[in-house]
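Input: structures, listed below.
In what comes next, subunit A is part of two complexes: it sits with subunit B in the first one and with subunit C in the second one.
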Partner chain A sequence: MLVYLRKRILSSALPLVAVIVGVFALARLTGNPANLYLPLNATDQMRADFTARHGLDQPLLTQMADYFGGVLRLDFGESLRTGESAAAMALRAFPATLQLAATTMVLAIVLAVIVGCWAALKPNGIADRISSFVSMAAASIPDFWLAIVGIWIFAITLGWLPTSGVGGASAWVLPIATLLLRPFGVLVQIVRGAMVSALSEPYIKLARSKGAGDVRVVTHHALRNAAAPALTVAGDLTVGLVNGAVVVETIFGWPGIGKLMIDSILQRDFAVLQAAVLLTAIAIFVLNILIDLGYALLDARVRPATVKA
Partner chain B sequence: MSALTQASPAAAGQTGTTVLKVEGLTVDLRTSRGTVRAVDNVGFEARAGETLALLGESGCGKSMTAKAVAGLLDPIADVTGGEIVLNGTDLAALSPRQRRKFAGPELGIVFQDALTALNPVYPVGTQLGEAFRIHHKLSAKQARAKAIELMKRVGIPEPESRVSAYPHQFSGGMRQRILIAMAVALNPRLLIADEPTTALDVTVQAQIMALLRSLREESDMAVVLITHDLAVVAEEADTVAIMYAGNVVETGRVADVFSNPRHPYTKGLLESVPVNAERGGELNSIPGSPPELHNIPPGCVYQSRCPMVQEICRAQRPELLPINDDGGSAGSHSTRPATATALPVTVRAAACHFSEELDND
Partner chain C sequence: MMSSSPSAKRQLRLQIPVVVAGSALLLSGCSVANSEDTAGATAGAASDTLRVVLQQEPPTLEACEANLTSTGVVVRSNVTQPLIERNPTTGELEPLLATEWEATSDTEWTLKLRDDVKFQDGTDFNAEAAAYTIDRAVNSDLGCNVEGYVFGDTDLEVEAVDATTLTVTTPEPDPILPLRLSFLEVVPTSTSDTEKVREPIGTGPYKIEQWDAGQKITLSTWDGYWGEAPAFPKAEYQWRGEGTVRAAMVTSGEADIAMGLGPDDGAGDLGVNYPNNETIGLRLSGDTAPLDDIRVRQAINYAIDKEGIVASLYQNKDKVAAQLIPEGVVGHNASLEAWPFDLEKAKALVAEAKADGVPVDTKITLVARNAQFPKVTELSQVLQEQLAQAGLNVELKMTETSQHLQYQIRPFVEDQGPIALLIQHGNQAGDAAFTVEQYMLSDGAQSSFGTDEFDQRLLEAGKTSGADRQQAYEDIFTYQNENVVQFATIAHQTGILGKSAAINYTPNSSSGDELRLTEMTPAS
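Let's look at the complex of A and B:
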């Protein structure tokens, strides 16, 4: 287990470095922050002072070396805007995104398993057709469009839900509904497909030969076999949520990591942007380890040899 | 192991009493080319303590017959006629829910490929104990103890530790033993073995057949053995029903049928066994291949390959009728029922217009 973890951590170090380098370089393409933070009539001297104070006058490679030096000491720099530690800002925003993503994924998985199993019991039956249509539609509606239509109908026209912000359960409804649809639609199709194939396996006949009924056959015998492909896709979708909350968080004013990223790009707040991206990358890396552990938990055949009975 | 056999006193039957009686069983398949008949008016009888072999080539309907008896047909297949009487109850007339009560306690089935038949994600102990959990409502712990007993009964070494192992951690022969243990867990009166040794090495095959035989003797089960292997039938079975294109073409005691076949198909099968084959010489075989299911001719099912085919064979399907057994060394069978359906397989019967004219010298 520890050997496995160490291997995973080492093998993910390089991608993390690549992510930082990429973000570091791309962020600086947006222009000099001095133009944004100093008044329009600022003198050249003021601009030069600002740039020098934040080390932006150094060659890019030097800046990058400084930054990596800082990262190794867990110093991720300060926000240009507020002077606050970039790491602290990213860590403060992250739980909001995590809550949103976790709630959405749990709901999406539970609903998709129910609908997917229901559809798989009778392939091409009426339930299957309905669920296929609904899930296809759910998977293909763009989230920004859905968010705006949702706000227009439920917040503005009907006045049932707040347009944006946090606080109270009602504030969660629109963001979650918007985020939920795509993972739900995709997962229904995956679960349905995996269940149809699992239910046609010989071990289902063996279970029936022991007197197992429909419910036991589905929940006990087929579902666990169908879980592996669903887990893979659910993992990808969760990564997408952690990242893709950018759009939804911006539209609904949700104070998460996505909104922080957009804000820091617009403000050319490089240190904060880098910290936010790095944190997201680490979260995705942890998620992938969890998915691998999930496989091993579900199916003894993919467990490392040392755990074998 | 005796604890398990004693567990169901009600199941004690007399050797030779009829456990399963199938009459006029017909199974239709819904395919993209229309409905086809996979099993046509099949009848046979399995008796306590005896083994009945259903013998035939791939696609002859023997497996489909077994699945119909076990109630495990695929959704595209329907039993459209006939009776499946198990210990006095017609299974074909029951709802799926009622039928589940028989699956395990009354009827066990051993599948062909143990690797795919076992659920890969559960330890074998869980799967062995499942029947007890479903039918006897045992706790997980009690079921595990039963699983260990079962593993001992079928000769799996170190059952206490192996009970937590997964199917892929066993050899093919051990997996097949586990499948057999599952089928006999609740001491069923009837055991269907659907090509139980096809996927195994020859030496392991012999061990598995010996295990099935000893289990049969131990609890006086009736065994229906589905196979395409003539040697297995000769060694293991008491009676045989030979199937061709969904029909039973000949039945009887194995010794009688093999020594004196009364149907040209049986004769062809027996002659294709290379007993006295010469090196470099041609092996005997039946020319042609069985008809496809959607293309079965109206007359005799064997007409296209039969060396004796006559006009009447194309016009009229021969019924499975009792025949005079003049050539066999086995004893005479006094009872000769008048009806054609569901002859006890101990009675020599063949579905051929010219079975009396078959030359077996």
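Let's look at the complex of A and C:
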């Protein structure tokens, strides 16, 4: 296990550095942010002072060397916009996104397994058709539209839920429902396909011939073999959620990392953007390791190639 | 079957932490740090807390950045106060922390200050604090936003003559110095002059109680305030990027005031219109063919159906504009009429220019900024079509803010050909000087061209005061429309503020930048 982890860390270091360098360089190609931070009628001298104060007048390589020097000292710089520590801003925002994404994915997986298994028991039956329709629709609905409609129905018309914000359980319902629909729709399709395949295997027929009922056949025999592809897709979807909850965070005023990144891009807040990207990249790296471990737990054929490697 | 094997036991050991971690995340999923339940927050004006929802979180509450909209809307007149304040309705300057002021020489102003004011930290407000505030914001290396916005490179000499007397000396005569001073929010001498301060101490009726970064800011009243206590002991600011959500928060009772709404955001009867001093129009690059021909620029003015735009896109809430500043700003020319919509005349002018060899077929790029104001995309498409109907070749380019600024502020992006830039100009200062020096001087930071004669007129106008100043700037707007035609102004905009029925408040032209909580009271 430790050997495996060491290999994964080493193999991930290069992509991490590439991501940081890429974000650093690309962000600065978009130009000097002085115009964004100073009044429109600021003088040339003020623009020059701003540029010099933030080291933006230095050659790109000098700026990059300073940045990497800072990273080694765990100093990620200060936000141009707020003057706060960039690392503190990213670390403050990240748990909010992680909680949202994790809760959403756990619910999506549980619901998708239930619905997918139900549909797979009788392919082309009424349950299968209903679940296919629902899951296809769920995977296709734009989250922006869904969020606004959800607010209109449940917050304004019915008054059951708050429109937005963070806080008690009721504030989580609309953001999670909005985020949940797409991964749920995709996962239902995956689980259903994998279960249909698994349920047609000879060992299932053997189990049934021994008198096992539908529930036992699904939970004790077929689901384990159908879980591996679902886990892989769920992992990709989780990465997407961690990285892409921007719309939901923006609409619902959720103080997460996605909104922080978008704001940083629009405001050319380089230090915060770099800190947020780095933190997200590390989180995705950890997530991928967890997915590998989970995959190995589920499928003995891949275990030697990953966990024992 | 599986649970009895050694490998299954190992798997179980691995599964436990995964399950525990998942459960912890699920459980923790019911709270975000520092958050409170917002679902039951329906008290509104019936409670002691006034709830305001903004477009974005303030980047800072630093007093010398208070001219930033998202900062000023929270701190100005609520947490901090200026020496002098401008009445947004009459345009007159009124006493606040200063009781009177006069020009004691061409370059010196003397201000008398109140002697009964304390800061929220218990220290006295006096001339020393006022002098420190000016020195810190204008003369220091802090890079304060208000310095660039109001004072430019000009340094001021300040002296606290005694506890209640302050003199301010300018390098050149400045007839509108009191107006400029109205932008400075006063802070105590304990405020750092080497670093900006995110949470300032002021003399206003509210102090900053708590700032939960990313979520909300809470203000509360304090006992030592020198003026009349506000009706609401607390104020809470949240922020939502979507106008529809801000409007929904007011209609659902989650907020009392929603800022920056558009006509289609759904506030319904709770949407209140107010003049926001913003004007939209096209700025034409008169140094590049075919826009270097005044007939083409005139044709653009004739080709735009301003009444139609205001009626169809803005529900007749905006007003057709003849100049870059609205009524209420010093220098506004009330007798100046907007260019009439006359497509035939526009076509004739283009044809005439073409006959004289002007390359009217050259592609003109109409540059606009996404989400700059409500229906900016639709307006841009209408303008493109109407200019095309006049016989011009127009391509629309929608940009984001940073790109747009490359077209808006000198040095302009080069080799882009003729540009018609869709601008939104807000004159919150209340004096035409803040507009014309930027937009009309030949080398103005946001001006694409000018003439020597016009420059001379502009500079002379800046030295005048009183009625002469009003007349000088009125003449300048007339001259612009008749002889320069750098702009095709379209409309003076109307802001929309969502207001709960439980609140009494009448927004004014400065509400978007300075939301005075003391002017809000419970409706019953």
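Basically, the second predicted complex is superposed on the first by the 298 of 309 C-alpha atoms of A that agree within 3 Å, B and C clash if a C-alpha of one lies under 4 Å from a C-alpha of the other, contacts with A are read in each partner's own complex, and residues count from 1 in each chain.
The rule is simple: a contact is a pair of C-beta atoms (placed from the backbone, for glycine too) under 8 Å apart; a residue touches a chain by one contact, two chains touch by 3 or more.
Bear in mind the structure is a predicted one, so any value in this text is a computation, not a measurement.
Colleague: By the touch definition at the top of the document, which applies to A:N225: first (subunit B), second (subunit C), both, or neither?
Modeller: A:N225 contacts subunit B only, not subunit C.
Colleague: Looking at the overlay, does A:V106 come into contact with subunit B only (first), subunit C only (second), both, or neither?
Modeller: In the superposition, A:V106 contacts subunit C only.
Colleague: Examine A:L206 and indicate which partner it touches, taking first as subunit B and second as subunit C; both and neither are also allowed.
Modeller: After superposition on chain A, A:L206 lies in contact with subunit B alone.
Colleague: Which partner chains sit in contact with A:G168 here, subunit B, subunit C, both or neither? Use first/second/both/neither.
Modeller: Touch status of A:G168: second partner only.
Colleague: With the two structures laid over each other on chain A, which partner does A:G193 touch: subunit B (first), subunit C (second), both, or neither?
Modeller: A:G193 contacts neither subunit B nor subunit C.
Colleague: Between subunit B (first) and subunit C (second), which, if any, makes contact with A:L38: first, second, both or neither?
Modeller: Touch partner of A:L38: subunit C, not subunit B.
Colleague: Of subunit B and subunit C, which one touches more residues of subunit A?
Modeller: Answer, by number of touched residues of subunit A: C.
Colleague: Mind sorting out which residues of subunit A both subunit B and subunit C touch, each in its own complex?
Modeller: Residues 300 of subunit A touch both subunit B and subunit C.
Colleague: In the complex, go through subunit C and note every residue touching subunit A.
Modeller: Answer in residue numbers: 1, 7, 11, 14-15, 18, 22, 25-26, 28-33, 35-41, 59-60, 67, 141, 143, 145, 147-149, 152-153, 195-196, 198, 213-215, 238-242, 244-245, 248-249, 251-252, 254, 400-402, 405-406, 408-409, 434, 437-438, 445-446.
Colleague: If we count contacts the way the header does, which residues on subunit B are in touch with subunit A in the complex?
Modeller: Answer in residue numbers: 70-72, 97, 100-105, 108-109, 111, 113, 116-123, 127, 130-131, 134-135, 161, 164-166, 168-169, 179, 182-183, 185.
Colleague: Per the contact definition, I'd like the list of subunit A residues that touch subunit C in the complex.
Modeller: So the residues of subunit A in touch with subunit C come to 30-31, 33, 35-43, 45-46, 49-50, 53, 81-84, 89, 92-93, 95-96, 98-100, 102-103, 106, 148, 151-152, 155-156, 159, 161-172, 176, 220, 250-255, 259, 266, 268, 290, 293-294, 297, 300.
Colleague: What residues of subunit A sit close enough to touch subunit B in their complex?
Modeller: 201-203, 205-213, 216, 221, 224-225, 298-301, 308-309
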